[in-house]
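What follows is a single structure, and I will ask about it in a moment.
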Amino acid sequence: MIRIIVTGGTFDKTYDEIRGVLSFEDTHLPEMLRLGRSCVEVRMQTLMMLDSLEMTDADRELIVRHCVLSPETRIVITHGTDTMVETARIIAAGVQGKTVVLTGAMIPYAFGSSDGLFNLGSALSFAQVLPAGVYVAMNGQHFEWNRVRKNRATGVFEGI
Amino acid sequence: MIRIIVTGGTFDKTYDEIRGVLSFEDTHLPEMLRLGRSCVEVRMQTLMMLDSLEMTDADRELIVRHCVLSPETRIVITHGTDTMVETARIIAAGVQGKTVVLTGAMIPYAFGSSDGLFNLGSALSFAQVLPAGVYVAMNGQHFEWNRVRKNRATGVFEGI
Amino acid sequence: MIRIIVTGGTFDKTYDEIRGVLSFEDTHLPEMLRLGRSCVEVRMQTLMMLDSLEMTDADRELIVRHCVLSPETRIVITHGTDTMVETARIIAAGVQGKTVVLTGAMIPYAFGSSDGLFNLGSALSFAQVLPAGVYVAMNGQHFEWNRVRKNRATGVFEGI
Amino acid sequence: MIRIIVTGGTFDKTYDEIRGVLSFEDTHLPEMLRLGRSCVEVRMQTLMMLDSLEMTDADRELIVRHCVLSPETRIVITHGTDTMVETARIIAAGVQGKTVVLTGAMIPYAFGSSDGLFNLGSALSFAQVLPAGVYVAMNGQHFEWNRVRKNRATGVFEGI
């Protein structure tokens, strides 16, 4: 059983056709799992719906608390890419004995050309087999929380 | 470095608009990896383009041979779902010391609603972390070659 | 008010993931009209769900009868492309005083890359403004029923 | 022969994955015409790439001038929906003897769920058969320039 914690990010951005802007509505995760014909047993919760640039310390503490309290020891967190590494660091400081995998998307899932479905398949898979620790799963790869950064110029996560 | 061996299957079926039938053209794998913004180093080869119901013993021997000869020890094989388990069994008999992950799709990638991108993200991830062995990665899960079957009624791979 | 008569064709082909073949389920027309944010008042009926190569004289007579009986004088018919011109000829012989526009698709709507939505927007528009007559609307163009053929080699409808 | 004048609008908005915002790059019109298998002879020009809320009087004069100078007497203009009616009014004041059809989209074409392809098929079709005049083609319908408004609450164009 895997816990999925939704926090927003590009993953779940949608186009508000009345206002002509990107916004958040409900998460696309259930639809994505259905599309992927996923049979992984999951328990999903939407904790917040934020652009990760707007995430505060309090938001991160809330994420940590939910990781700690989760009876499931394997956790996937969907998260904006801009501060994913920072959140991973806070989680690593507060959560022990669990496998936590953060993932996100460069393109909203609602766009036809999103990387979201690929990343979700990847993150769910890593979460099932990696030992306890905090990881970022992006670009088909996984990184330990303290060995990764997002290259802002290319949009790619790379090892450090 | 991961070797990707393309053998066809629903994954790569495309719609031939002149003849009005499903057929094979080039593999969609490069486009899918680009869409997933994959940074996994891969070496890709198209070995055949077959509906897996038409795959012969000779075809399977060819797959085994390429697994054995591959300098990469981690291999992903895209394959039709109908006989994926049978091919996994043949590979398990002929290949040692390598991590081989077979995956496929229930819906062609060219269809908007395909599970292919999810499965590819999943298979590439499992292939990076699982120990040597032969596995099927479908529905977000992985199975050892001798512990899985495809449920023909539901289209889902399940453990046995 | 426009009558839409659904007869099947590539337009409505869907992928049967259990059997791995193209087949028909329900028509995609309502979803397509919703996607196009269409505000055209329509009355829709699914008369048959056929590959147009399998359409019989009796099927065509049924289509004619429904055109004749339709209280709406503007009619759009979705139809397989292979025998669209033949059906148009039969309708022209049996229906007077109405604007009948046949359209279809080269690629199933369920495929991401379908021409169906473009063709539907086109056919609905032609049906609103063309004078009484029987027309084929494909490739963004419209043709009178006796001045068009499908080029089997290119898949394009062309004037004769 | 139809002249297509591209001015931007939601139609052509794309997602800038590095900056995480909606922006403009090249127009999607050529790809859309290819997808629609359009055989309508067109001459296309990108005049500007603007959100229509940012369109100035000078921009509108430029559009008028290009309509006047166009040797083609049938013109389709892609345009943001917010001020489409206003631009239509300016064109009506400055252009005589030509059929000018403005269209746009509520959802960017790059989104999988766009109405753009439907609207393009519709606008191209209306442009081929309507008499000289200035029209808005949205929601599968066409309106004379002085008989339409955009309902901001519903996002739908309606007759007045």
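Per-chain residue numbering starts at 1, and chain names A, B, C and D are given in the order in which the chains are listed.
As a convention for this text, a residue touches a chain if its C-beta (ideal position, glycine included) is under 8 Å from a C-beta of that chain, and two chains touch if they have at least 3 such contacts.
Quick caveat, the model's predicted, so the values are computed rather than measured.
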Contacts common to subunit C and subunit D (chain labels): none
Interface residue identity across copies subunit A, subunit B - same or different by half: same
Centroid-based (C-alpha) most distant chain relative to subunit C: A
Subunit B-subunit C separation of Cα centroids, rounded to whole Å: 38
Centre-to-centre distance between subunit C and subunit A (centres being mean Cα positions), rounded to whole Å: 44
Length of the line joining the C-alpha centres of subunit A and subunit B, rounded to whole Å: 26
Touching two or more other chains - residue numbers and ranges from subunit C: 106, 112-113, 155
Touching chain combinations (by label order): A-B, A-D, B-C, C-D
Sites on subunit B touched by subunit A in the complex: 32-33, 35-40, 106, 112-115, 117-126, 128-130, 137-142, 155-158
For the subunit B and subunit C complex, residues of the former touching the latter: 10, 15, 17-18, 20-22, 51, 82, 106-108, 110-113, 152-155
